[in-house]
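Here it is, the structure in full.
Labels run A, B and C following the written order; every chain starts at residue 1.
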Amino acid sequence: MAATVSSGRDAVATPIQRAFREAFYAGAISLGLFVLFIGLRTDQNITNELILVQRWLLLAIVVIAVTVGRFLYVAYAVPAMERSKAEKAATPAVVAEPGFIKQNFNRIGLVILLLYPIAMVLLFGFQGSLKWVDNFGIQILIYVMLAWGLNIVVGLAGLLDLGYVAFYAVGAYAYALLGTHFGLSFWILLPAAGCMAAFWGVMLGFPVLRLRGDYLAIVTLAFGEIIRLVLINWREVTNGSAGISGIPKVSFFGLISFNVSDPNYIAKVLHIAQSGAYYKIFLYYLALGLCLLTAFVTIRLRRLPVGRAWEALREDEIACRSLGINTTTTKLTAFATGAMFGGFAGSFFAARQGFVSPESFVFLESAIILAIVVLGGMGSLGGIAVAALVMIGGTEILRELDFLKAVFGPDFTPELYRMLLFGMAMVIVMLWKPRGFVGSREPTAFLKERRAVSASFTKEGHG
Amino acid sequence: MQYFVQQLINGLTLGSIYGLIAIGYTMVYGIIGMINFAHGDIFMVGAFTALIVFLILGALFYSVPIVVALLIMMIVAMLLTSLYNWTIEKVAYRPLRGSFRLAPLITAIGMSIALSNFVQVTQGPRNKPIPPLVSQVYTFDGISISLKQIIIVIVTITLLAIFWYLVNRTALGRAQRACEQDRKMAALLGIDVDRTISITFIMGAALAAVAGTLFLMYYGVVVFSDGFVPGVKAFTAAVLGGIGSLPGAVLGGLLIGFIESMWSAYFSIDYKDVAAFSILAIVLIFLPSGILGRPEVEKV
Amino acid sequence: MNAQASMSDFILQVEHLSMKFGGLVAIGDLSFQAKRGEITALIGPNGAGKTTVFNCITGFYKPTEGMITLNKRDGSTFLLERLPNHEIPARANVARTFQNIRLFSGMTLLENLLVAQHNKLMKASGYTFLGLFGFPSYRQASAESIELARHWLEKADLVDRADDPAGDLPYGAQRRLEIARAMCTGPELLCLDEPAAGLNPKESAALNELLMGIKGTGTSILLIEHDMSVVMQISDHVVVLEYGRKISDGNPASVRTDPRVIAAYLGVDDEEVQEVLTEVGDEDVIEQLDTGPDAAHGPGNSASMMAGPVSDSVEHANEGERVTVSKGASKAAQVDARANSTKSKPAPKSSTAKPRGGRK
């Protein structure tokens, strides 16, 4: 009823009138939403009792901001967007030759990634580059690796896994425990951690094979939580929530070490000045190498029968079975392969931090990784890398925005807003591009020419 | 035996809260087939609203009868939390309806992150303790039952009865069930699907708000991150009972409550969540669509 | 062994097959055989259990009772009801298509056909490991599989669209692609579930050609079909099901004159069959009614025979003929019809409770 009436009115009302009405509603709703949460703040006084602090001015500012924002959106932004859409539709659809950047996206990206630490060192010096190489470069690359690993399970095989962080944890703890107790080197432990994670992938895969859709999602989530809880509570082995520290550093295949005390410390070998930046730069290239390995294996696998079977499984499981594909082993290999890359990422993470604790493996991490996969466009490596860059880089950069303090006063800590903005960005990007940045799918074989498959045909899997 | 009965009562209390939250998950899932990941945080918002209302009441009046206070807390929490869920549905889920299945899941996770961090930013990251609202404890034959527990169980039963009536006996409930079966057909028959879905979100949020108020009363403390664990537990309960089935949600909630309290009583409190999750996995292996869920028929 | 050798001109033997869903008997004690190199059609009204038989043969359902034997050309036999789902195509070489098309719609046509060659390629790629490192043996196998795919794309007249997504194809082409995909598994028995459903006359003709081509390669075909023009033109042997039981079995000509089949398709009960037979007078007319309108309406312009031309004609027959044919039709014919109907007494009792023709 209400809907029909209002749409009838929409037809006659001018955009401005409508904008006023919409803005009024938005203001009223935001007033309702925020009156208790922004208007009042619960604080503890000296005697530890809760008291209310009144912030009506802030509430008024927020509500007015929402109202004005809605007004501008409805009155100007929406008509402008519609106009540009209409113009686009009116002009004949020229098949635009993809630009130079688009054509060589991968190559340009790779060159930038290879030169990145050098550029940072040149710009900020060794000490100044630490932050940029470590917090940005390595951090983003770890997420890229994780997301590419999860992409095999979610993007290719179409199995919704909400507990991917479990394999990351298995890899990290495998490296931490074996490294600290047996002193094994990273280069032995990396494959070992990968195998261990793959084994757990199969262990998880077996019981949940029969489950579909959201049942699979909740069991994988439960699995992730179980691993985390065991890590917290199995104190004899994992040292509980205190975590494991003193994890050995990675060496350059045992030839060059990054421990200052070692005789083959890099500065001594190469006769250069001591700096912590060498290790970070080395780790950066190591992460980049692992990412490239993941990408290479994923691309190769997609062109192999097993990769095609994954995608076929996502499209239609019953048809797969009618073609003689063993869906059980196909799903298990997807779980195992995805988990293995999670394990690689985990052991790299442990080596980089030198410290692991269950704190790093909460559900939020799984959610972030899944969000990156979906935001990037399921199955597309390039899109996922861009999504990781935007989401992780974007929130990391909030830590750096000190100038905001000058605007909002010294109490303002942009870091606090990091996750709030992250969550909102997830929503906005998804609303803007429900299929992710890259929705189309690259075929794995072709007779005459390779043409991307539009997103409207691909399915998202049922598992 | 007394110890066992005592645990049974604790489990029943806990299970009631889980059951109330689980209904929100299961209803939304039934009607639009998505996991509303933000529902746990909706529950947290409900608890926080109750907390703030409690503080307002304390500041405005010298003393309020506890029943009246609880009632006001509950009603305001229900209203405001419903507004939150309604807005979230409208902003984050409705535009994505009928598109890609994972898109609303991601916006739901995004909303969940945004909500809990919104509360953290506006209300601060610390625990918010309140003085005990109700403290009477009755002892029968060595079994102690607190008034809090009695209130929780009574409120839950009353709400479930009202809720059952709404879903099974009113035109609204019929519209909901019709949308659940076939949304397109329901629309063709003149049911306002958008409105029905909105009301479903409102109902789910109202129940979660009550659960939040009861949670605050029972534990006497709330913090911004409190949405996650009860949310996941309630979701587990909904799946255990068979997602989409309302009695299943209550049953699942009670089961999770019992498992937790029994496990902490007889085995180890550290592993109570592990036990709950493991039992979920085991049940799903044998009953892939939960206890009361409709088995998914694989149509060839 | 000798006995089996003589049996091996039957590629498929279904013996005493029963399938129950709870209390519902979807198939009751069904036995039939399909000869090697022939096209066997399985027909029957809606809900007769045809697709259930298919699902039992291809392992999607485990039958409650009965035995399904597949004799391969090399002399090996498989009991299909004992094989896991995916091994039926993989080991027993039985491929199938689906009533509602199941293509990998986001993959290109070529990819669809490559997925069908999964098991062969899997072996060639050394279960992924050799393929991962780009061993030449895999590359060769890969090139061969593309050639096979091209072969079937050409047969199905789809080679121009090899690099388009399968979901982009028109309906008829999707049907042909599904058959081509099934053929890429290298089957000895191909099970087609209503391949002509929803096809226009031109597409239907193209389909017939494709099926005859497949038959020419020595692959046996088991076919569920509603479109009588397809059934009558291409099948060598017809099995008619009604309510999960076999009511007729034989060559197309004999089946279409079988009064039980007519009764099943006309959707009238025994007395009415008699009446119709009586009124119509003789079997030639019935046959005319059965096949005539098909030619008029063209082959299957609807997904279901019940809603299609045949049932249309039945309605016409019921109403029209009753008016035009005199009430005092020949008594001999009546007796004849009675005799016919008594002969068909063992016909399923359930047919009395059968819904009328124009259902669906």
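Basically, contacts are C-beta pairs under 8 Å (C-beta built on N, C-alpha and C of every residue); 3 or more make two chains touch, one makes a residue touch a chain.
Owing to the predicted nature of the structure, the values given are computational and were not obtained by experimental measurement.
Asker: Using the touch rule from the top, work out which pair, A-B or A-C, shares more C-beta pairs.
Answerer: A-B
Asker: Kindly work out which chain lies most centrally, taking the average of its C-alpha atoms as its position.
Answerer: A
Asker: From the mean C-alpha coordinate of chain B to that of chain C, what's the distance rounded to whole Å?
Answerer: The answer is 51 Å.
Asker: Taking each chain's centre as its mean C-alpha position, how far apart are chain A and chain B in Å?
Answerer: Averaging C-alpha atoms per chain gives centres 29 Å apart.
Asker: Report the inter-chain centroid distance for chain A and chain C in whole angstrom, where each centroid is the mean of the CA atoms.
Answerer: Once rounded, the distance between the two centres reads 49 Å.
Asker: What are the residues of chain A that contact at least two other chains?
Answerer: 318
Asker: Taking each residue of chain C in turn, which ones touch at least two of the other chains?
Answerer: 60, 98
Asker: What residues in chain B touch two or more of the other chains?
Answerer: Within chain B, residues 298, 300 contact more than one other chain.
Asker: Which residues, counting only chain A, touch chain B once they are in their complex?
Answerer: Contact set of chain A toward chain B: 1-3, 29, 32-33, 36-38, 40-44, 48, 50-52, 154, 160, 207-208, 210-212, 214-215, 217-219, 221-223, 225-226, 229-230, 232-233, 318, 363-364, 367, 370-371, 374-375, 378, 416-417, 419-420, 422-427, 430-431, 434-435, 460.
Asker: Quick check on the complex: what are the chain C residues that touch chain A?
Answerer: For chain C paired with chain A, touching residues are 58-60, 85-91, 95-96, 98, 102-108, 110-111, 114-119, 121-122, 125, 128, 131-132, 134, 138, 146, 150, 153, 159, 162-168, 181-182, 185.
Asker: Which of the residues in chain B come into contact with chain A in the complex?
Answerer: 29, 35, 48-49, 51-53, 55-56, 59, 80, 83-84, 87, 91-92, 95-96, 99-103, 105-107, 109-115, 117-124, 126, 128-130, 192, 194-195, 228, 232, 235-236, 239, 243, 268, 270-271, 273-274, 277-278, 280-281, 284-285, 288-290, 296, 298, 300
Asker: In the complex, go through chain A and note every residue touching chain C.
Answerer: So the residues of chain A touching chain C come out as 297, 300-301, 304-306, 308-309, 311-312, 314-316, 318-327, 333, 441, 443-451, 453-454, 456-459.
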